[in-house]
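Shown below is the structure under consideration.
Chain nomenclature is as follows: A, B and C, assigned in order of appearance, with residue numbering initiated at 1 for each chain independently.
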Amino acid sequence: MEPNDPNFRSGKVPVVHLRGAVALLGRFPALAGIDLDVDRQRIVLLRGPNGAGKTTLLRTLAGLLPISSGTANVLGVDLVTDRRAVRHRVGLLAHETGLYEDLTVSDNLRFWTKAAGADMADADAAMARLGLDGRLRDVTVGRLSTGQRRRTSLACLVARRPELWLLDEPHAGLDKDGRDVVDELVRDAKAAGATIILSSHELDRSIELADEIVTLSGGVAIENGGGNVL
Amino acid sequence: MTTENTGTGNVANPDPGPLSTGSRMTGVLGGLCLIALGILVLFGLFLSPADSNQGDAVRIMYVHVPSATVAYFGCFLTTVGSAIYLWKKSQWWELVAYAGAEVAALFTALTLVTGMLWGRPTWGVFWVWDARLTSTAMLLLLLLGYLAVRRIDADYEVRAKRAAIVGLLLVPNVIIVRQSVQWWRTLHQPPTLFSDGLGSKIEGLMLFSLFTGFIAITMVFVWLLIHRFRLAWLEEQRDAQGLDAAIFERRAEGVPS
Amino acid sequence: MFSDAWLIAAKDLRLEFRSRVGLNQVLPFALLVLILFAFALDPDRGLLEKATPGLYWVAVLFSGLLALQRSFAVESADGVSDALRLSGLDPAGIFLGKVLSVSIQLLILELMLGIGVAVLYGASISGWFLLIPTVVAATVCIAAAGTLYGVVAAGLRVRETLLPLLLLPVLAPVLIGATRAFEAALNGTPSEGWPWVGLMSVFAVVYMVAGIFGFGPLMEES
């Protein structure tokens, strides 16, 4: 897991650096020249109306979508030329589950953990943390509730220990306990050195959690503010 | 593929680009095609003699054999164009591959039809499972597969890349199919169950007619290829324009702060 | 690349084991095809017996298509394709893993179908020395070409009709070759069958190479 950019290693360059980045979904510019800087070990909340580009931004930072113009650096990797290199270093919690519905919870955890080259012990710990050990371990994902599936996806992310967490509405679909666990995990990850960017419509809880707030609209960031300013 | 406006247009009035696929060169070429076709008709239908065995049906060969040849050449273009596109992301070559496949499909169909028209008076049936006809039918199916992928409803990069992989494998597939069909039909049977349409002793005016057929069909192929290429080019340019306008509108969605 | 391949193959086989789609749906379909042939060709006039090698391989091809469709259907649900891209798995390894898992499923299918034709068509089986390489070569051909064209069609709305259109003309030489090799084996003239095994081997190599290099680019941009 070596960062490419020597400046990144020394912590002088932000984890995320975007300038005028344009990302196209077909012919539609979902990101229309966005500027964004995120430093290491910060928790950033993305908010904005539906269709503003929050999900697209998260997927672009994960290296899934190409940048058609502008500058984009994530974890020292230039996304314009080599976005595939950043993928195994980030963890994305998307709207979709990213799980095989015909396999059990523990099958999925084992597969995704091994695929990422992570330690099985971390997978077991993640399952325990998210309340998935015990009875739920051997239940097929197709039979789980939405909240339980969300927890499983989150466990797969946690087990990989990524440097950058990209969470698309992590509180959605979870009960209060689940949301508390998410907040704890985010704070623990920050303490362990990771950077977290999350989007949410659950503003009260998320604003408490975040160090900074970025408001997106029309494919660009129209406001960057500290977490305590409302 | 980063998109750029093609010239002097601005956000409100994008550059319209050329309005037709014709040009001086294709006009001249088209005229020569007509002349060549005229000569072909003259010699093929009137001045050359009928064959001693097949009668007048041999005249179809003057179109059938060149059609098959240019069809295979079109496939070759598709594979080469696909390879270069995959290697260098050159849209020009990708469009050559696409146009080549479409025109090749046209001439493959023509080969099949002329083959069947020749077969009826000669063998008494419209179709036999001999190696060449069967291979040609398979060629058409392979081309239709490539074209189906190229025409899916998706962005250009998605279409082009997937079609290019299929196109790259087109020539290897054709070779393997031809080889297997040939072994299939000739290993257990006399080598010429149905004799080659033209035999081995073609000469004189018949040879000249065949030669004219090659020239004419090849020229028509090139003419069609150029037009089809330009048409595809225009289609892609039209789709790619308007990015600046789209960005402008997108940002305008934003709530003023 | 190879460890990723094992991981993917194990996952696919475990998935098949848990969902049992192959056992419950693909295999009955294969047997159904054999029975339909009996309806179409009068079983009393010896047509079925003479045509057995060809009918066998046609049944394998059609059932193989179902198995391939299934293999890709599981990857296109629920954001799994994104997760695979993010996982850091080597695309060539994913290709090989899928080829391996499809091959294993095909081999089981072919074994069952072999028993099926022996029972239903009264075919007697001989010439093992040629039969086995033929089956192996044909299986790898179908799995490799099927996985490559499967990913070309994957994620598209039209994938269910596109995959057969792409794959069946390409696999025609495999049908011809495997049938002729089977006929040669059953007729006691194996020397005529070996060239076909050679042709299928070349085919398999071409598609394995194409898949190893092409799978990565094709996994992008679903």
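Basically, a contact is a pair of C-beta atoms (placed from the backbone, for glycine too) under 8 Å apart; a residue touches a chain by one contact, two chains touch by 3 or more.
Keep in mind it's a predicted model, so treat the numbers as computed, not measured.
Among the chains in view, C has its Cα centre nearest the centre of the complete protein Cα set. Counting C-beta pairs in contact across A-B and across A-C shows that the higher total falls to A-C. Averaging C-alpha coordinates per chain places the centre of subunit B 31 Å away from that of subunit C. With each centre defined as the average position of its C-alpha atoms, the distance from subunit A to subunit B rounds to 48 Å.
Distance between subunit A and subunit C, defined via averaged C-alpha coordinates, is recorded as 39 Å. Residue positions of subunit B touching 2 or more other chains: 155.
Contact with two or more other chains is made by no residue of subunit C.
In the complex of the two chains, the subunit B residues touching subunit A come out as 2-3, 155, 239-240, 242-243, 246-247, 250-255, 257. On subunit B, the positions that touch subunit C within their shared complex are 86, 138, 141-142, 144-145, 148-149, 152-155, 157-158, 161-162, 165-166, 168-169, 172-173, 176-177, 179-181, 183-184, 187. Interface of subunit A with subunit C (complex): residues 59, 62-64, 87-88, 90, 92, 94-104, 107, 111-112, 114-117, 140, 156.
Of all residues in subunit A, only 22, 24, 26-30, 32-33, 49, 51-52, 68-69, 215, 217-220, 222-223 touch subunit B in the complex they form.
On subunit C, the positions that touch subunit B within their shared complex are 148-149, 152-153, 156-158, 162, 165-166, 169-170, 172-173, 176-177, 180, 192, 195-196, 199, 202-203, 206, 210, 214, 217-218, 220-221.
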